[in-house]
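In the two assemblies presented below, chain A is common to both, partnered first by chain B and then by chain C.
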Partner chain A sequence: MSKTRRDFLKLAGACACTVAASQLVGANAQAADAGHGGHAPAVAQPANQHDNALHGTHWGMVIDTKRFTDPLLVQKCMDACHLTHNVPKIDGPQELKWIWAASYLETFTEHNHYLPESVEQRSFMLLCNHCENPPCVRVCPTKATFKRAWDGIVQMDMHRCIGCRFCMAACPYGARSFNFNNPRPYLDETKMNPDYPTRMRGVVEKCTFCVERLAQGLMPACVEASDGAILFGDLDDPHSSVRKALASKFTVRRKVSLGTEPSVYYII
Partner chain B sequence: MYNAKYIMPGLVIFLGLITFPLWFNVLSCTRYEAPKLALPADQQECIIDTKVMRAEHMTLLNDWRDKYVRDGEVTFTAANGKLYDMSLMNTCMSCHTNKEQFCDACHTKNSVYPYCWECHIAPRGNQ
Partner chain C sequence: MLEKALKGSPLYWFWLFFLACVAGVGSMAYLYQLNFGLGVTGMSRDVSWGFYIAQFTYLVGVAASAVMLVLPTYLHHYKAFKKMIILGEFMAIAAVSMCLLFIIVDLGQPQRAMNVILHPTPGSILFWDMIVLNGYLFINLLVGWVTLQAERNEVAPPKWIKFFIYLSIFWAFSIHTVTAFLYAGLPGRHYWLTAIMAARFLASAFCSGPAILLLLAFLLKRLVNFDPGKEAIKSLAKIITYAMALNVFFFLLEVFTAFYSDIPGHKAPIVYLFSGTDGFAQWTPFMWLAAILAFVSLALLIPAKLRDNHELLPWTLLFLVLATWIDKGIGLLVGGFTPNMFETVTEYIPSIPELAIVLAIYAMGAMILTVLWKIALGVKQEVGHF
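Our next item is the complex of A and B:
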């Protein structure tokens, strides 16, 4: 049977329509997967856990800034974190920090100024915001920093970090530190925590919401040291301490207009 | 053969030189001796059979690293059903407390220098 040109064009058109339709369906499915409206699709919790491990689907933190009037409490939280994770103390531009304190103006750059003096002079504990939409994860070329799908924690894989520092450029909160030197000489050997590794020269590090403590059924180190001034819990659970605090107090987050959706809230 | 009186001795010298490590080793009677490892005194069994551990410990540690850091898995079940934490520092090195006479003994002998200890804190040893 011979094919006329008319038949061939009909067939080609039908093929083109089929291909286009199948691609559209694929694209829609992808968009649905990537969609995030604050509630990530439920991902199974990892297997092989301790019985007492803490489970959550979106870990978050509420920091009661009204209770951080005592500089000693601020220092206590910082020490608890930095001693647990062997974060060396280096002064100057090569400083490493997982949790630190800053003034109102440094913390909330897009909120009102000329507030009551008591607010403007308060110390605000700052740490990695464990964003729902973390820019550091998007720019990392090796996927060394990644968001854990089952609990929303933005984690660092120090083994895989090549020290390119794209994540530091991408993070609008300055929550990441680069190891310019071998940190060991800056650590007090008698105070080092032998259960947690140090980092090596040339990797980026940051707060990890104490994933190793959550796995053992413990609260993060700063939360434990804060005497209740920092709350930690599952933001997806309406009965969690953090959700109750969010429902009853006025809270703000840092730089929300950037769309990173931080998981750390501040009671003002 | 053309120029055989030069080529043959040259070949013999060449073969002698490239096989030097082989016959030198045979003549000097030095044999590879597996290093004697300091095994933990208070532990009877490892998490896996020693033979498998000797050949596969690096694969196991790599596997643990990925499971712990990236998949959030924490425990490892041994063949006898016992649970262990997947941790180099808190599981392996809490039994093998002498890094010099356990890890380094083999690694140095075989010129293998893993960089685990640039981050992970080695135990103080049995000294």
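Our next item is the complex of A and C:
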């Protein structure tokens, strides 16, 4: 059957219209989802949630640094996260990490002199701070990284990401990793989690506060592995474990002067 | 007019062949990068932008510099640049093309580049940078082509093109301002978090771009006997002098703010660049070379006697181009990322494939420039304008 140019143009036109229409619908849905920082009014959660899903309007974390004296606990939290999310183990400056440990001086870059030795030698768990006012979301040119308006989690769409790494330049916490190479050969096949996808090269990734576990009624993997050293809960709920910890203990957040309003607190 | 690019001397063809070879080698390196990912570059988790984005930033300045010819000619009816203006516009086309290529090779998923248009994000400066760069490319193609065609037909350019010429003046400022905003609005990046970033970008653009143009004009004089005119060279050199003085002054303002305030975060990148941190001092010699060349070029530009000496001027311009290239093509990027977010140092050294790709894009830019200038000069020769 021979196709005339007119047939081809008709088909192309129809395709273009379909794509444009789906884009419009998609754009509206996206606009409804997009959080714009600050205290945005809570938006209804999507309907397709698990029955026992955990609900919160501003998820946050409190890390009791006093309890991270054992390097094994640090490793346990890291493994729990990285094995759950199939984060590849790559050595060197092109490494990927969602949660890791650093010294006091690296964590709190505006620090005091003459600190207690116990504090200076402690390990501080670092991860995405799920900022209320996330610079990574502000700079992303494709909305591949976005803040969920109903629970404050800063999420990544790794199929949308073009790998421009603007978010990495913008994040003041160094919380983002880039797949410089194909990550899959760096995964141990015997330890892979079949329920979580692996990534392709050329996209940025980071901690997601385990959104997939929250939807199933589970706590984030690092929280579960931490033996109570990491608390997770709704910062908007005065009766939540995190708010009780904040009310009773002295806590600090990283680089508060930058105005990003991190949702991760550290008990010193 | 395109046919003018098809007839040339053996030297012209050899030059294009040479550039094609360089571009070919770099394209192989790019295929390698496409296959293995950006892991083949020297970039890392801590230094997540490298030579590609640095060259893009430098070349945006080169592109913006065309306005230094367009503005005096069309706003102030300054006649001396008339002969040269098309060269500036065509150089802008080559420079913007290189900018766009540098962005594409920097993407982790280049096949998704259209996502920037499919999911427009007005809050992202990258979205606006895409708009201003493509817009500037389009405006210069249009203005350059239409005015050249009018010159060939020996008629006045159509009236409607005036709108685009005025638009190009505004647009040139916008491309470098928006590119500066890519850097200037990021929390925690002390070296970039400065209100005069856009002003610094423009000052450096308005000296480095015209300097490259003038250097190439000197080359044309030797190769094809095209003389832009004493008056034009004199005026352009004056513009370069003022812009370079401002450029150096603006940088010194940054140094004052950082060191008089004595805030560690603000000092750290400058200390790293000029004396190294924790034993890492890879870029220190480059930065000092840039500083020395900048002051030498100023010393040779400011006295009119030295500036108007055409034996000396090409050397002065070469020093200036090298100084501004090191400042923006290396220093700006590396200084922004080092020390990193944890106040430690992850050193960045571009890899061989990365450098091959950079060279290839410069070669492609040179090819575009050669062909466009060949056409422009061909037309000028045809109507007896040189």
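In this text, the second predicted complex is superposed on the first by the 228 of 268 C-alpha atoms of A that agree within 3 Å, B and C clash if a C-alpha of one lies under 4 Å from a C-alpha of the other, contacts with A are read in each partner's own complex, and residues count from 1 in each chain.
We take it that a residue touches a chain if its C-beta (ideal position, glycine included) is under 8 Å from a C-beta of that chain, and two chains touch if they have at least 3 such contacts.
The structure presented is a predicted model; accordingly, all values stated were derived computationally and were not measured.
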Partner chain(s) touched by A:197 [first = chain B, second = chain C, both, neither]: first
Which of chain B and chain C A:258 touches, first, second, both or neither: second
Contacts of A:215 with chain B and chain C, given as first, second, both or neither: first
First, second, both or neither for A:186, with chain B first and chain C second: neither
Set of chain A residues, in rising order, touched by both chain B and chain C: 182, 200
Chain B residues touching chain A - in the complex, by the definition given at the top: 65, 67, 69-77, 86, 89-90, 115, 118-121, 123
Residue ranges of chain A in contact with chain C within the complex: 23, 27, 30, 92-96, 102, 105-107, 109, 135, 138-144, 160-166, 168-174, 177-182, 200-204, 255, 258-260
Chain B partner contacts - residues on chain A that touch it in the complex: 45-50, 53, 86, 146, 148, 150-151, 155, 157-159, 182, 192, 194-200, 211, 215
Contact footprint of chain A on chain C as seen in their complex: 36-39, 41, 43-49, 103, 106-110, 112-113, 115-116, 118-119, 121, 123-127, 130, 182, 185-189, 265, 336-337, 340-344, 346
